[in-house]
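Below are two complexes that have chain A in common, paired first with chain B and then with chain C.
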Partner chain A sequence: MQTYNDVAGAIFDFLLAPFGHDFALFDLVLWPAVMGVAALQVYKHVSNQRAIARVKKQISMHLLEIRLFRNDIAQVLKSTGAILVKNTVYIGHNLLPMAVMLVPMVAVMVQLVAHYAYAPSRPGSVELLHLTLAPTASVSPRDVSLKLPPGVTLDAPAVRTADGQVFWRVRAEQPGDHVLQVSVGGEIFEKGWAVGGEPRKVPVKRLRSWEALLYPGEAAIPSGAPVLSLELGMNVRPLAYLPDGELGILIWAMVLSMLAGFALKDLFGVTL
Partner chain B sequence: MKALEIRPAAAARTLGVAFGVFVFGAGNAHGYIGPGAGFALGGSMLVLLVTFALAFAILATWPIRLVVRLIRVGNPYKNALTKRVVILGLDGMDPGLTTKFIREGRLPNFQKLAERGVFRPLDTSLPSMSPVAWSTFATGTDASHHGIYDFLTRDPCTYGPMLSSTHLGSAKKVLNIGRYLVPLEKPRMKLLQKSQHFWKLLGDKHIFSVIQRVPITFPPVPFKNGLLLSGMCVPDLRGSQGTFSFFSTESEAGKAKFIGGEQTVLRRKGRVIRSRLVGPDHTVLASGGRMTLPFTLTIAEDGGSARLEIDGAEAVSLKIGEYSDWIELRFKAGLGIRVSGIAKFYLISVSPHVNLYMTPIHIDPENPAMPISHPEVYAIYLAKKQGKFATLGLAEDTWSLNNRVIDEKIFFDQAMSIYEERERMFLDAVKQSKSGLVTTVFDTTDRIQHMFYRYLDPTHPANAGKDTEEWKDAIGQVYERVDALVGKVWNLIEDPNTVFMVISDHGFTNFRRGVNINSWLRDNGYLFLKDENRRTSGEYFDGIDWSRTRAFALGLTGIFINRKGREKSGIVAEGAEYRQLVQELAQKLEQMIDPATGKGCVRRVAISQQFFRGPYRFDAPDLLVGWEGGYRNSWECATGQVTEEVITDNTRSWSGDHCVDPSIVPGVFFCNRAASEEKPRLIDIPASVMRLFGQEIPRYMQGRMILPEEPADATVRGMLDPTTLEQSGAAPGALIFPPVERRASGQS
Partner chain C sequence: MGIGKVAAIACATLFVSSSSDSDSPDAHSPENPGVFIMGVDGMDPVILSRLIDTGKMPNFQGLAREGSYQSLATSDPPQSPVAWSNFVTGMNPGGHGIFDFMHRDPATYAPVSSATRAPEKAGSALHLFGYVFPLSGSDPENNRGGTPWWDALIAGGVDVEVYRIPGNFPTPESKAKVLDGMGTSDLRGGFGTYTLYTDAAVEKDDPKGDIQFVTVHDLDLDGTPDTVTSILRGPPDLFHLEPGQVPREGDYLTIGLTVHIDPVAAVSVVEIAGQRVLIRQGEWSDWVEVTFDLLPMGIMPVSGAVRFYAKQLRPQFQLYVSPVNISAAKPHTPVTSPDDFVEDLFAEVGFFYTQGMPEEQEALKDGVFDEDDYLKQVALVQEDTRRLLDLALTRFEPGDATFMYFSDIDLQSHMLWRHKDPKYPNAPDHPAYDAAISPGHTRDIENLYRDVDAALGEVRRRLPPGTLLIVMSDHGFQPFSRDVHLNAWLRENGYLVMKPGKTTGYTFGDDVDWTQTRAYGIGFNGLYLNLAGREAQGIVDPADADALMSEIARGLETFTDPDRGEGVVLRVDRSAEIYSGPRIGEGPDLLVGYNVGYGCSDQSTLGEITERVLEDNTSRWSGSHLMAAEVVPGVLLVNRKLSSDGHDLTDLTATLLSHYDIEPLPGMIGEPIL
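After this line comes the complex of A and B, so read on.
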């Protein structure tokens, strides 16, 4: 998992932001469009194009049937039922290409989110550092402590809950890429914190599970470690004309890739 | 190393991400599905949304529409004698031939229909040809009311030919942008047929109709409560009535070997041939020209097939002696516009010469370049339901067989494949319509008889140098096919509330001799050429001296008088001069003798002004020649040409015809109910349908009810007596009824 994140991170660090992170629009338009084209190719070669064309034709035929025989209620109901059945068949034909497309699409979107969804914290801002212990960990929340680097101060004492969670309010006094160190039963876990400076790829979460693949900004927590996640609240990066934040970028990338796919499907001879 | 720990929540989320996105729309994760799911989700959700919106709107408004309908017209079937009428039109089905085949036991379903109901000859229209007759069927009026007298008429301003039924014009308002002409309006299309269709009247009364392929319904005229697919006179994508293409490596002096159609001489390089399909005119390009599509034909190594790759279409494999499926041809018109048509290919041979035939390019029903149905989406619906189908009005390519570009087998296969498309379409309409009117017209019977009639006549002039054995039962086979269709329909309508009729617009007779009336007019001093040293003219009256010509013939039966005030250079004054001339011509024509037989070749000449009473009689040809069986206007006469000879042998494959005196070629009338009239007429059918649905017969209609309104009126039933036929089924020279039977019936 970490190896994958390292390799994918290196590749996308090279591919993304060729003009720096200031110009997010370039990547956020180019890569979803490229994804759309790639998805078309996958769809073309993986899906049963004839069957999809056939079922789509049947669906539109039944839609026309509803319109043409609108005074025949029995026919309208029959056609409506037929559309529901054919629509299910259509979705069925989409499962395989969808499954095949899932991995590369996720890989690209994860990197777009990592690069553009969050902004470094402003100097002077206060954020919440949140640690979750693994349920199987033998360490108590009382055995967890935080060591702060210069430029970062503790704003309030740690809060520990009985279910294995620990919270710290930390203040960024100076800009820089700080590293916070959390000691859990003597084992040290680091958490990066980007404060001030130019927009850049900022660390948000460190995770132990496979979900670390979705947050490649920092190294994954090794499996077997007593910590499940280590998370720092980060500011959403405002993107002038685009939806921002993790969800905003995901929706934008999905919509744009879809639009690119629909716009270019005829060019590539793909039936969607 | 510890095993990977999977949290239930994360696993559930993964599944949700992968497959549950359609159901669970919330959360960030669904975004990761990306376009794959997006395509499916977008498409499916849109379909569901549209479906439910449409269904809801229809279901929600149905009670309102029902109430409105009840207030406006009441129960449309309140006085109806039947709930459903199914009319199967079989163009050209001949009562004599039908009787012969029934007697031979080949048409059991027609026999059953006649025995349970009635079979009689059906009086046809004057003149007895499809555009006229089916217009009479559609409107319930004669030609002087619906204005269709032939396929062609002359333009009185130019004497040139024009289609009688349809005006096809280009858009007048165009925006000129450099090399492009952008039309600002739709091309002008108009149905020239007058009066109104009886299904419009039914629609106004909320009686639903499905009308398929009835001739002279292009462009389709909108009407309420019904669907219509246009028939005869729908043009091909080039705007013609059917231009085939023939590609061949064979040539004579570097030119194409055959005449007619679009001929292309191919150049072969090894096994590969590259050429172009010629499509419609460029209307968007200011420079004009034709749209073309490049194609590559690669002959297989074994020589038994070829691979055809057309620009923009899927590659197909063509086997020698087999038709391809319909292939979509998408021509680039410029400005990103594409014009879509469909065609079938037939690889005739690859050695020693490559010969490839392509049907005319039909308008693609799934993406029609011009409206061919009402509503416009009806054709699209049919195409989506049953696949692409022939849309050209005269879909069976008689021209190419007439010019011997293709042979009987290729033509027959084509005609039957078109027949199968229409059969599917018709049976589906019958299944779907539980009430109202379903009408369809099959052309197959007409086309096969036109092209195979010579097989019934061993002495036919067209037999010279052609096969006379292999296809001698082609007509019988087609009659058997339509008999099977009658059986299928019968199975679908086994209820007492359906009236089922089988009708034809005319019958058939032999076409052995062609008469050029223009040449006869020349010989008798009614038509003059500008060059007095010449005796012949070009097509469409090229070289005619209109300042002296008093009469001319164009089309299949009509003679026009060069009338002052009507024709551009008219010289015959209205009144006595006109009346005297038409009388004189009629008398002389009725005395015309064929020197080869010593017998008369005209049975009757109808003078339009005496015969017709309708508002459009002034547009009629002034004389309509009713030929004896065996005769017809010659091919050259039909195109306004003057030839040396007046009467010549017809040597073309088009060897049977019906453009003769209407009394010779009645159609057929079958019904699953007994009739009330002994002599039904085509013009009576719409009036009868109106009465069957409990509607008054409009006063302009010239027909009457021929089916019983009271049980006591059901007096006409059973089989037809062929001795009552003037000639149909016993055409001159054609061996149809055994000689003994013909003597017994008193026919000569």
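After this line comes the complex of A and C, so read on.
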């Protein structure tokens, strides 16, 4: 998991933001468009193009039947049923290419989210640092402590909950890429905090399970560690006309890649 | 390439910051310097003069010296909704139709809010899958008639911004940028229902808030209770209520809430709606947005915003939650005109109190808050006001007209008067004076005046030269030490007759013998005849009304407090004689103008008939202005020399219009002061 994140991170850190994070527009148009084109190629070679063309033609035929025999209820019902069946067949033809496309598309979108869904916290802002102990951990929340770097202060005492969570309210006094250190039974876990400065890829959360693949901005927590997750409330990037942060980036990337796919399908000779 | 171009343009639209202002080009005359109005609810001329004279209000002193300072006649009755409606429309209640905080329903004799014109009748509904879908009916409308001055100014090409104007909710359509103030409901539809989670007893038997008794569980069995789970109530569950049905306790939408308390430190984490806030004991949280789903799967979410106050975590648990304010980020119902003005405000200042009277005086009245808790919350409201004032001043340009409302002096004069009479330094202690608490709060009201002075200093410093600056209040203040139960007086004097076997009860319901009752009271100053042909069970012949009103007025004006030997009522006015306009008939027949220190009790205001006629007011609601208008004038300061005095609120409306050479609208009764 960590190896994958390291490799993918190295590749996309190189590819993304060639003109800097201020020019998010470049990446947010280019990469969804590339995804759309790549998806077309996958679709063309993995799907049964002839079968898809055939089933689409059959659906058109049944639609025509409904229009022609709209006064014949029995025929309309029969044609409607046939359309439902053919639609199911059509969706079936799409399952394999979708499964093949899913992995690379998610990989790209995860990187776009990591780079553009969040912004550095503003100096002076107060955020919640949240640690969840693994259910199997032998340490108690009382054995957890926090060490802060210069430029970050504790804004309130920690809250240790009965179900193995610890919360701290921390204040960013100075800009910088700070590293907070949490000691769990003597074992140190680091958490990055990007404060102030230019837009950049910012660390959000460290996770232990497969979900760590979705947050490549920071190292995954090793399996077997007593910590399940370590998160810091982050400043989501506002996106006009779209939901802020992750959801907005995901919607944008999906819609734009689909638009690119539909716009270029004839050019690449693909039947969708 | 074509696609790329389209996408690039689309991206540029989407990702460019939405800071562009959609204002149309300035239409106002650049020669006109514009006007800025500070509306300070409840500022009293006697208190202000004393603070000016002792050098504690340097900015007011400067403005008075530079321009003019005089008292300003208030409305009759001197109640905020009435007074602000006079100012907004330039009419008296006979024109705008707001006669009191409370009106009455002549069909049921029940009190109803004066702010809203309820739909004539409930619409029909479709019942489907356990849900109730309304098929017809209409939304409540604002009951204020007339034309607001801002609409006249907008029509005249003036850019207008109005911040927190009372009595503007439900929001009438307008092209002027107006943020609603007093009268704006919370998400539950009331004027501020707080929630208290506690494992301790509460002071009052009938608190106004939603008191939720909880148990602090010891989840990890370490001997220290650590976790509380409960619910927060939001808006009424409208799709499970019949049209027109009044929601009961179980008829509100809820979301879950969990509180984790640290086993050692006095600090907690509140988890609600997927969000977490960490608050120390004695600390307020920032705003937390909460969403309630009217329909499944998030099809129809309703957003609100709350702040948490960890009053005490141990040994007793008391977590206070503010009323669920309509979210400034995603209001489900307009709190501004145009609807999207609130988006501008939210983008500039973030969340703010949208609830009309944001100072949580109900919690103080109920004893849930002590004075320190209350003042801490008042400071949050003041912070909101400062941010909105800063925004208003930043946006103000020569030629504009801007109004900014300040609520603090009014509400705190109501709540804190008992500690030390700020108007009469040698006054005897108020019946609600508390020797254990009051000495620590003798200067609270004075401090609020000084805060407004600081705001005025900021306004004077930042306004463009030549701007007309008006500082005004809707009324002044007096001590409120004696409760008058008007309905009990009417009963004692034979005007209100109870059914056999009853001496107390309510005007609505089955307690009053309407076949013998000639008059009843609802509202803070209102007295109605049980008029035949108007009231559902009216018996007073319209031909006899005049004589009856004279008789009641004489009785009230000679009504003497047996304990103090003072007259209780200064004078009684007839609506038909003091009002003008088409809506006179909707109001009370008589207006009871109480003497200084006296006021209608809450019970009588809401139609209750109590045992006693007079009693000491031991409530924390210890200052008031719901008396005769002449004992509670407001203040008027202008940075111009005035050549006359004796002005009232409607004169200011006329002044605003004349400042922009706009003719008075039909029904306006004031005269320009300049």
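Some points to look at:
By our rule, the second predicted complex is superposed on the first by the 266 of 272 C-alpha atoms of A that agree within 3 Å, B and C clash if a C-alpha of one lies under 4 Å from a C-alpha of the other, contacts with A are read in each partner's own complex, and residues count from 1 in each chain.
By our rule, a contact is a pair of C-beta atoms (placed from the backbone, for glycine too) under 8 Å apart; a residue touches a chain by one contact, two chains touch by 3 or more.
Small disclaimer: the values here were computed from a predicted structure and weren't measured.
With chain A as the common reference, the superposed partners chain B and chain C fit together side by side. Of the two partner chains placed around the shared chain by superposition, neither chain B nor chain C is touched by A:Thr153.
With both structures placed on the common chain, the touch criterion links A:Gln181 to neither chain B nor chain C. Of the two partners chain B and chain C, more residues of chain A are touched by B.
In the superposition on chain A, A:Leu128 makes contact with chain C only, not with chain B.
Contacts of A:Thr161 after superposition on the shared chain: chain C is touched, whereas chain B is not. Judged by the touch definition given at the top, the superposed model places A:Leu239 against chain C, while chain B stays out of reach. Looking at the shared chain after the overlay, A:Gln41 reaches neither chain B nor chain C.
Between chain B and chain C, the shortest distance over C-alpha atoms in the superposed arrangement works out to 9 Å. In the superposition on chain A, the residues of chain A contacting both chain B and chain C are 260.
On the chain A side of its complex with chain C, the touching residues are 24-25, 28-29, 33, 128, 130, 142, 156-163, 165, 167-169, 238-242, 252, 256, 259-260, 263-264. The part of chain B that touches chain A in the complex is made up of residues 1-2, 4-7, 10, 17-19, 22, 28, 30-40, 42-44, 47-48, 50-52, 54-55, 58-59, 62, 65, 208, 225, 227, 375, 377-378, 380-381, 384-385, 432, 434.
Within the complex formed with chain B, the residues of chain A that make contact are 35-36, 39-40, 42-43, 56-61, 63-73, 75-77, 80, 83-84, 87, 90-91, 94-95, 97-102, 105-106, 108-110, 134, 208-211, 214, 223-224, 246-247, 249-251, 253-255, 257-258, 260-262, 272.
Remark: chain C residues 3-4, 7-8, 11-18, 218-220, 222, 226-227, 260-265, 267-269, 276-280, 283 touch chain A in the complex.
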